[in-house]
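Below: a set of structures, written as structure tokens.
You will see two complexes here that share subunit A, one where it goes with subunit B and one where it goes with subunit C.
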Partner chain A sequence: MLSYYIKLGLKRLGETPVLTLLILMAMALGIAVSVTMLALHHAMAYNPAEEKSGRLFAVQLAAYGNDMETWGEEDGLPIQVTHRDAMNLRESTIPLRQTPMFRMALTLESHRQDMPPSADFVVRVADRDFFEMFGVNFVYGGPWDKTIDLDTARVAVINQSVNEYAFGGGNNVGKILLMNETEYRVVGITEDSNPLPRYYDLTSGAYPITPDSVFIPYSLAPQLESFPNGNISGWAAEPVNEFADLLQTEFVWQVYWVELPDAQAVAAYRDYLAGYVDQQQQLGRFQNGQARGHIRDVQQWLTYNRVIKDDNRVMVGLSFMFLLVCLVNTVGLLLARFLRRMNETGVRRALGASKLQIFQQYITEVSLLGLLGGGAGLLLSMVGLWGIRSLYTQYATIAYLDATMVAAAVAISLASSLIAGTYPAYRVCAAQPSLFLKAQ
Partner chain B sequence: MLEMQSINKIFTTDLIETHALRDFNLEVEEGEFITVTGPSGSGKTTFLNIAGLLEPFSSGRYSLDGQDVSQMSDNDRSRLRNQKIGFIFQSFNLIPDLDLFDNVDVPLRYRGFPAKERRRRIMQALERVGLAARANHLPAQLSGGQQQRVAIARALAGEPKFLLADEPTGNLDSLMARQVMELLEGINREGTTIVMVTHDPELALRSQRNIQIIDGQVSDFSSAPAAVEPLV
Partner chain C sequence: MAIAPIFRSVLRSPAGAVLISLQIALTLAIVSNSIFIIKERVDKMARPTGMPEEQILTARVMYFGKNIDYAAQARRDLDFLLQQPGVMNATHTNSLPLAQGGSTSTICYTADSRGEEGCPYSAAIYNGGYRLLDTLGLNLLEGRDFRVEEILGNTFGGTIKSQLIILSKATADKYFPAGDALGKTLYVAEKPHTIIGIVERLQSYWVHGSEEEAEMAGLLPVYNHDFFSRLVIRAESDAIPALKQNLERDLLKLNDRRVISRIHTVKEMRDRIYADDQAMLVILICVIVLLVVITGLGTAGLVSFTVARRQKQIGTRRALGARKVDILGYFLLENGLISGAGAALGCALAIALNQYLMQSYELPRIGLEYVAATVVLLLLIGQSASYFPALRASTVSPAVATRTV
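Let's look at the complex of A and B:
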């Protein structure tokens, strides 16, 4: 019977075109607004670390003086660490992999004629483990040798965009890249990738437009002359005239990640952090009563840093309220549409249709309307997301529909049509058929 | 075929109770063709609706083709209606946006026949009423008499044992009315039981038996339809 109901439903779509259009508009608008907000929320809630999410941990240290009650986040923990602590933490052998990191903006020069110097590429300073920990894929070459993390060398890993800019593409491993008039030997070329939210470094926003394009060894930090391109925070005033000064301060400006493969390693690293805090206290640092170390995995880190703002959740809630309002309107319009056909319903009942069969016929018709409304809503939500990308640059890289959201839109359309159609269909099928048989 | 014993039908509002049928008793034998007459508001249509299982009754016992319908569920009543009863209405009640083929198809769909069987029955029924060549026409393209013949074809397609007709000639001129009546008489001769509500005394005279309903009760049984008084 389903094919019969679908055939009838399709036949009736053209009936009362104005009413049909109003129903479709009401459903499409409600679905468009809710899918737009949901798509944005879905993109923001995405965890790019996926299966490694539970193995990667951000390290926090409450490393400040006793003249402060609290500092950092609400729990008294800053999200960054000092250079001195980063250097100390690197000595632990518990993590499977680990890396401190910070960002810089250096000026690159191209080997191509007519290409001007560019400071548009983000340079990330990190240890070799960064590439494996955060899933960076290489096109040519690979990461620098592990020994360079200790002994240092002026090497660089670049992404394909920089490779194109500096060399015009191709395998350029071994060639020289000029940054701030300093030579770096290219050891690897990676795919362009921009994992969002940028979970491993949230200090300058979760959704940066520019990806990390050049990677240089953390061991080069003492030799660098430019200041980092990120947040620098301190709990006490300290004179900083040049970059070398910053390395000696208690200012926090680096992020530290460790990869701990199992619960045993996690427990061991927590013990290690506790021991490290004790050791530093004995050395006269970490004098605050809250002094402690803490680690959070990726999902915890995203939540802790409020990557999804409360505003976004409120907007999703409001959008579904709007959908509800649209559905209430749709209920009224569907009632008008169905009640016009009461005579036909009476005839069908007289000819042997049960209440259930009449209900199924109308619900099928509503589902078809819902799918059409959902399709229109999907198109409108694409327009909505385009508007969001145009208006808000922080969402420019994430406000898109993916396959999951398209499937969600279809599900919302069907659910909406069932919610809106149940009462009108019930009213029609529950009516006494004899009342309408003489009313033609 | 049809047996009603002490049927009462009471319509209740906040202020008033109306007895549409009161202690209504009737027995119709298989193969009979009876007409039902009575003044407007006497309960003819209520009787027809109850007989056709379109309306519940307040009390009494009703048995159709040996089955007590009093306690039947909506599904069972619908199935019984679909399998054993054919309806013909005064205003034809064809579905305007379906062609003749699809209109006749409606009861067969609910019967669950396969497509081939449905097609055979539809074309047979349309041929019976002389409209097979116009199977793809819409009802609005036909005259009133033709539309009523389509309604009869729709009623016949499921081969019901019992045909209920509610003033089937009420909207037709005398020539067309005669044609429809002849069609119904032919169907009855083939064994289908027919109960027809009519205001037309001439048609009442042509049936085997006429009953008159007044104030919700059978006031007159007559095997001689000549006893029926002309009605306004």
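Let's look at the complex of A and C:
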């Protein structure tokens, strides 16, 4: 029976080409617009930490003083910590892994001929644990030795792009990288990866275009002469004339992450932070109404930092209203299409077809339209996402359809066609066949 | 023409009419709010920076060589630039309007002020060398510019030593609503700063906060040359392209232990900082166009259907003496009434949607003129969409009425 309905449906589609085209267009556009916006939202809401999301925690400290009521975000916590606190936190043995981090802009020089110096590579300063915590894959070599986190050395881990730029590719572990005319020994070369949103450091935008390309030990911080290239915030009027001064101040300018493998470690670390705040208060710091420490896992951190902009939410909402308009439109057009065939339906009813069979026939036809419209919508949403990628350079690498989104598109198109088709199909089979037969 | 028969015929099979009105109502809500958001963004992007924008060129200078006397090199660069054709002025600064990054300080009434009352606002602080005010082309309303001997060398947080400040009028008025800010003292980083000048307008480097925030800015006579600086050049607008093209090469000739990059005109800076707003505009315009097309075609489709169903009715009326124009008018009026009902519902929906956007996304209240304009637009679309089917209806021959009787 179903194959007969499908055949019938296909025949009908060709009979009224203009109406069919109008219906398909409305469905395809509605689906395309909503899937495009949903796919962008989906990509922006991605959590690159995946299964590690619940183990990695960003640490926040209300370390300000001067009897201030509140400072930082709305909850009275800044999203970054001071160098002093980072150094103290590093001494805790509770976390399985941990690292402070900040970003720098240094100028690289290439060993290749005709390659001009470049200030376009982002340099990240962090502890060795960074690589394992944030899933960085090595092609050659590996992270620097743990001892370097305490007893510093001028070493660097670089990604493939820097490897290409500086040496022309290949295994260059052990060679010298020149940054700001200072020599760094390359210990590892990583894959190029640009996890977006940049969950581990959201202070310079959640979707930066340039990936972190060079990594150097945090223990080098006191020797660095240039200022970090990131967010630096302070509540006190402290003079900072050179970078070394910044290390002594209450300015916050680095993000601190800990890896806590289980609930026990989480509880222990919370206690540790409470104790740390008490201890610092006795030393005269943390003199504020909010004094406390806090940790947030990756998903909480992404939400807290509002990585999805209001614009994107508004667009998703509008796109679904758009789909609704298309559905109302489709209901009207389907109604017109089906009622036009009332006579034929009347004959079939009179010849013994049940209401249910008529309903099935029309729903089959609607589902066919839904599949065609959905398919066209999926193709159009690829065009839409191409448009999004050219409009927003920061989403150029992420605004694509993934398997989830294709499944969502199929679900949306089937649901839409059923929602749009049920009422017209019901109207047709509920009508009195005799009325239409008479007119014949 | 009598409206009553139209009502009766619509009520006899209301589904089509209800669907058209519903579609118009939803379209009206979406389109009017989208147009309103577009207007907001266009206004936001059009805000002036206070600079003569077509005359400004800026570049990032990053030194990587050791043992460079940054100040001396800066001097040489400026001497060179000032000799170039068309160049009016040049200097260094930490930031400038539209730069996206820069430094913001809380400004207080007294040294020990705390909280909202004592330190009500923050302002973008541009730390610049001598001639920054003139290089940015700011319009000085009151007071004076810094003198060369007043410029202090210092860097980050170096507001400590300075004692003078120039504020934008918006900032000055916030602290001294009576308009007598000149000569008064405010505290930046707990140190007193005398307001020696007020410029008509100076936009913050960060433009995505509130409209108020974007106007809060000031200049401090503090600049320390170090490995990073931002060069600003003001030149005749027709000299800008050549300057831009040669800047990197020329400056590297003077010293090649540095990278000269991000050489931007104000237009390029605008495009960068407002890229997301621009994208939102394009998307909303696409949504509006598609919606209007779909609604128009949907209306045309449904009216054609109504016409097709009423062939006999039309034939009968024609046979009874109705002129073609009566039939045309009948269908146009019917569609007008249906669209009108949809528009009435749509106005309510539009305002409800705006209320929701106001609560959730801090959008301002929608002006009724946007709703009204959209109503007119949609009624016109509805009428044009039903015109051709209605025209076809009017050509139905009176003989149709007799054929199947």
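One rule holds in what follows: the second predicted complex is superposed on the first by the 428 of 440 C-alpha atoms of A that agree within 3 Å, B and C clash if a C-alpha of one lies under 4 Å from a C-alpha of the other, contacts with A are read in each partner's own complex, and residues count from 1 in each chain.
The definition used in the following text is that contacts are C-beta pairs under 8 Å (C-beta built on N, C-alpha and C of every residue); 3 or more make two chains touch, one makes a residue touch a chain.
Note that the structure is predicted; figures quoted are calculated from it, not measured.
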Of subunit B and subunit C, the partner touching more residues of subunit A is C
- Query: Between subunit B (first) and subunit C (second), which, if any, makes contact with A:Met315: first, second, both or neither?
  - Reply: second
Taking the superposition on A as described, I'd like to know which of subunit B and subunit C A:Thr393 touches: first, second, both or neither. second
Notebook entry, point to check: A:Ala119 contacts which: subunit B (first), subunit C (second), both, neither?
Noted result: second
TODO: Identify the partner contact of A:Val383: answer first if only subunit B is touched, second if only subunit C is, both if each is, neither if none is.
DONE: neither
As the complex stands, subunit A meets subunit C at residues 19, 22, 25-26, 29, 33, 66-69, 105-107, 109, 116-120, 179-181, 225-227, 232, 234, 237-242, 246, 251, 309-311, 313-315, 318-319, 321-322, 324-326, 328-329, 331-333, 335-336, 339-340, 387-388, 391-393, 423, 427, 439
In the complex, subunit B touches subunit A at residues 45, 49, 52, 54-55, 74-75, 78-79, 81-83, 87, 89-93, 95, 97, 106-107, 109-111, 154, 158
So, in the complex, the side of subunit C touching subunit A is made of residues 15-16, 19-20, 22-23, 26-27, 29-30, 33-34, 37, 60, 62-66, 114-115, 154-158, 160, 189-191, 224, 226-228, 257-259, 261, 275-276, 278-280, 282-284, 286-287, 290-291, 294-295, 297-298, 301-302, 304-305, 308-309, 357, 360-362, 404
Subunit B partner, complex, touching residues on subunit A are 1, 4, 11-12, 15, 343-344, 346-357, 432-434, 437-438, 440
